[in-house]
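Think of it as A, B, C and D in the order they're written, each chain with its own count starting at 1.
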Amino acid sequence: MAGNTFGTLFKLTTFGESHGEAIGGILEGCPPNLQLNLEAIQQEMDRRKPGQSAIVTQRKEADQVRFLSGVFEGKTTGTPIGFVIFNSNQKSGDYDHIKDSYRPSHADYVYDKKYGIRDYRGGGRSSARETACRVVAGAIAKQFLSNLKFNAFVSQVGSITLNKPYQELDLSLTETNPVRCPDPATAAEMEAHIREVRKEGDTIGGVITGVIQNVPIGLGEPVFDKLHAQLGKAMLSINAVKGFEYGSGFDGVRMKGSEHNDAYKSDGTTKTNFSGGVQGGISNGMDIYFNVAFKPVATLIQPYETIDKKGETVQTKGKGRHDPCVVPRAVPIVEAMAALVLADFELLNRTIKS
Amino acid sequence: MAGNTFGTLFKLTTFGESHGEAIGGILEGCPPNLQLNLEAIQQEMDRRKPGQSAIVTQRKEADQVRFLSGVFEGKTTGTPIGFVIFNSNQKSGDYDHIKDSYRPSHADYVYDKKYGIRDYRGGGRSSARETACRVVAGAIAKQFLSNLKFNAFVSQVGSITLNKPYQELDLSLTETNPVRCPDPATAAEMEAHIREVRKEGDTIGGVITGVIQNVPIGLGEPVFDKLHAQLGKAMLSINAVKGFEYGSGFDGVRMKGSEHNDAYKSDGTTKTNFSGGVQGGISNGMDIYFNVAFKPVATLIQPYETIDKKGETVQTKGKGRHDPCVVPRAVPIVEAMAALVLADFELLNRTIKS
Amino acid sequence: MAGNTFGTLFKLTTFGESHGEAIGGILEGCPPNLQLNLEAIQQEMDRRKPGQSAIVTQRKEADQVRFLSGVFEGKTTGTPIGFVIFNSNQKSGDYDHIKDSYRPSHADYVYDKKYGIRDYRGGGRSSARETACRVVAGAIAKQFLSNLKFNAFVSQVGSITLNKPYQELDLSLTETNPVRCPDPATAAEMEAHIREVRKEGDTIGGVITGVIQNVPIGLGEPVFDKLHAQLGKAMLSINAVKGFEYGSGFDGVRMKGSEHNDAYKSDGTTKTNFSGGVQGGISNGMDIYFNVAFKPVATLIQPYETIDKKGETVQTKGKGRHDPCVVPRAVPIVEAMAALVLADFELLNRTIKS
Amino acid sequence: MAGNTFGTLFKLTTFGESHGEAIGGILEGCPPNLQLNLEAIQQEMDRRKPGQSAIVTQRKEADQVRFLSGVFEGKTTGTPIGFVIFNSNQKSGDYDHIKDSYRPSHADYVYDKKYGIRDYRGGGRSSARETACRVVAGAIAKQFLSNLKFNAFVSQVGSITLNKPYQELDLSLTETNPVRCPDPATAAEMEAHIREVRKEGDTIGGVITGVIQNVPIGLGEPVFDKLHAQLGKAMLSINAVKGFEYGSGFDGVRMKGSEHNDAYKSDGTTKTNFSGGVQGGISNGMDIYFNVAFKPVATLIQPYETIDKKGETVQTKGKGRHDPCVVPRAVPIVEAMAALVLADFELLNRTIKS
């Protein structure tokens, strides 16, 4: 299996299955002499972890990260940062019912076909549990890029949409409600909707908006590793993501060039920002903003029909403790991946100075 | 500058500026003993090249690809395929007016800030001319993956939308009109709109839909190099792209899990395909389909105000021969990038057989 | 810090410092459905571990490897294999005397200068302890390449040389003596020499010869990743290595082409094998053989003079438990690295089949 | 075919066969705003090219490099530098006699077995002609690292050895004789020997010594990409190389630690330099020196027996214009590869500053 590494210089490689002994990772390239705030890292972990509110899964996972290398007397040494998160609360028994059958819109079937073997305890490698490792590394990336501000928030749940541009929102309110939507009224609506959906044993999709501020000019490596291309890949690599757009996005299609072009002010900033902070794949110093679409979670607590390994129809029912809507817990993951992308470009950018 | 390579094993590295002596590339990893159809490669080049119809730029570029290595007596040898396309029709004079000023929503400003130097003749490295190299490599990828079908077409221009799912379209009609929309009536509307916009010296955005058929099960390398993540990056790396979605995409957000889940038939195919042919980052054998949003081209043939290197306001006007709408010519580029993505995953997949 | 990864597809990334909490690694690309013999892996670890005989360091390290992922019901799953080895016997106190001074011919000085910070407890990241991770991964590579035979043995200690070509030796005797030299008489001489040197608190260099048998034709990726180039890099990356030669090596320089060329037999094998099993960077099916030169260990149990951080002269004396000669314990490391090189080429070779 | 790229950031990818239309490469990562001395680059090419003296091959190849991108108004722009060297003097007819047979100790046989197809005109991809591309890139690396001094010279031809340490030589004499040995008396002996060998239609091996001076402290990326490991790989990737050693090398094996350790002076330099300028894989500011062993060229102008594709014995005789001894022309290649290695480490080193 290739594809376990993200980044070129600020580089994260992860391992681990949802119900194995541990998950973990190696973060390479973090410059030495960075004073790590371990508490802040754990805080990010806590934003992602299950059980934090009534509208997310009630699984209990401590998600305690343990650093094994690369940190000495509180500072990074420049050597690879190895870390593990032991899986303390695996209830593998919850998964016996899916051992021989394939859950619809899960990865069970394709893993079996691709690898000829599958760790059927939960999602195995395909579980979103793996994203805990990304949050660890992303939290370090945020500390490395301490001048930048990474904000993500929920802007849509099902058909409930936050109809305000991010500039009109008070982003400091994001963490004040379990949905992580910075507009309290909309957040309440979203929360009610998620509760309702959960009662039905059903799930619902959502959108997360990301905003990155104080970005220096010059990050991004065209032609293939354009800032927004790498950012898009980062987001699309998160479980359940179906779409990515930045700046004017899909709406920009309807505009004419004369409306869409961002006119310069004399200081090099632009009067509008349809570009979303990126020109030709390189940051231009304006805010980077983007939307990430998440599908409804595939695990339902309802009876359903599916097939087993022999192709025969089986009746089953989702068990276990699952999220009715993934976006509230995915907010820190979006921020983490954004931070990893920019940290990598920051390091690459250092190599071109004369 | 990093970021000039796409792919891990089926790997393209490109070089070249729009107004330099030549552009070109090196394609590594193409298996040996593949009989190359050079005419088919040139045909793909011709689909992308300027001047092919009244609604695209009237620049004349022969875009003749010349293979320098890796092919012997018509077959690939397994060694890297080096190729060049000489720039025969550079009118660098067209660009003197932008030597010291920054065109809005172009990469001029960020290249200058990032590199401290800029080849101001056209877009230089940031020009979409570079995509000609991708079409060469993509055409070879298509021949390598001769069982798969790569179809892309224009599904939106400005606000004119093709309101049919791809299954109801006759995709063989795509090449019968200059817009490359497989629905003749919508195509005519789109063409008229582009002509109108061009008359105003303005430009307009569009959407390309891609469909990949006959995909084997098992392509894609989670967790970071999920099939759709790599496909999204591929698309977002194309000039002017602002968004990517696959399967149910942004619309899927509004659905409940019970609606969105794709139930299995006994043969492992699914009754619906909201997943878009990808589960957990791995192809499941169903059609892969996706949308790519393109912004309106930034170069207008209208007077506009911008700033020069000193930050002073200058009045200028787009000159040269530019596309009023980029999507018709971008169709073969979308197909090429999709083919490169899948060829790479096909090679990676070969490494896991026991 | 870059450079923690070895291999392109069969890929090992390691982390860890000698006196941190743990060392470990992630092995990617091992094909699924390989039945792992965990005992055989631990056996390789035991060959490398300290304290196994009177002529190696008397440090006690259990070197128990713990697999955290990628293995399910005894078989590889195709997902990354994460593993850790906890550092149970760190006597960091042993190193207080070097906290502020630089040991001659160690990496202390350059780490401080490069990173501006140093984990001074032992070698930190530069310690040969890291090679334990290589042995884990190499042991898996051996099982993956179960048809090939990897043999390494000590062929020189100081000036005592094993003056026989490997074909005249019984390589099964290698493990019958603590020196790991397959010729009992020479082994006894070497052992006596090492004991003598140790008594003086001094150390001595050595040579390990590697032999790989049953290699399939076609492994190696010219032009830069030639089999012997990658093998050479692998060996030179082992601590204390100063030289590498394969086939006729440095002696071949004195030969004429008419003597050195390996004439073909009708079955494609060659009558002689000065080439060392590699032609143009690709295996030709003959035995691969090579020599690896190790310098004398830098840590002496003698008084010596060196400088501290301020450049001032300090008198000190090596403490702790160190190897008087590194080659006996390095034999399994040489085999492990050779196995990693060939496993990677085996996977790469799978990608060129038509 | 993988393996066509050298370097991580200062990165060269090459293409081309000896008798194809052209060879060439793409050099990525060279920082912008470097004023390129094109004449100096061509000079390096001329040092490598055939026909420059009586003791090298009399083939005539202009070896004129043509830059296609990445350079604007004489300066690098930061974009990839594409270049080609057209093959003007291919006498493919010279090779008809080997179309169906395998030359001993050449790559003919393994290429056929590995790829199932072979460009039999000369060595094809396995020809040393490819190294011309390395010299182009290496010449740019030298200009990028203008403070460092890269010197290589011939220190052995057959059994004729230059018995002086490099410190006692006047390296400015290297280019004053066709052998490229800085000691005129030894050079004359070597030249006579090569002439003699050539008369017999035979060939002879040799050793090149490389010396790199003014190296900053801190280059190299342990644990796998140690400076000397990458340097060793670079050298071993050059055609005909059989061995590499640095610092004390294979001779160091015989020394005791107390003799071999390099004691520090108060300024951090060392009194001796058995380490060869590298500690723990990182440069320590002392001179880096190393030896590279080249086997005798395999192409003889003598009758010989070999096998054809069917395994049947054929009588043949080397034709064409070949080198009787490869080391004089390989001197600039050794320097080029060394420069590429250090340029890459210089860029990597920039990424760790806090």
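Definition applied: a residue touches a chain if its C-beta (ideal position, glycine included) is under 8 Å from a C-beta of that chain, and two chains touch if they have at least 3 such contacts.
Which chain is which protein? Per UniProt: A, B, C, D = Chorismate synthase.
The model shown is predicted, which means the values in this text are computed figures rather than measured ones.
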Selected pair, out of B-D, C-D or A-C, that shares over half of its residue contact pairs with A-B: C-D
Farthest chain relative to chain A (centres taken as mean CA coordinates): D
Distance from the mean Cα position of chain C to that of chain A, given in whole angstrom: 39
Centre distance in Å when chain A and chain D are each reduced to the mean of their C-alpha atoms: 46
For chain D, residues contacting two or more additional chains: 1-2, 4-5, 9, 14, 29, 32-33, 78, 114-116, 125, 348, 351-352, 354
Residues on chain B engaged by chain C in the complex (per definition of touch): 9, 29, 31-34, 78, 347-348, 350-354
Footprint of chain D on chain B - complex, ascending: 1-2, 4-5, 9, 13-17, 20-26, 28-29, 32-33, 66-70, 72, 75, 77-82, 84, 114-119, 124-125
Chain C residues touching chain D - in the complex, by the definition given at the top: 1-6, 8, 14, 102, 104-107, 109-111, 113-116, 123, 125-126, 130, 156, 158-159, 197, 200, 202-207, 217-218, 220-226, 228-230, 232-234, 236-237, 239, 242-250, 252-268, 270, 274-276, 279-284, 291, 293-300, 302, 304-307, 311-313, 348-349, 351-352, 354
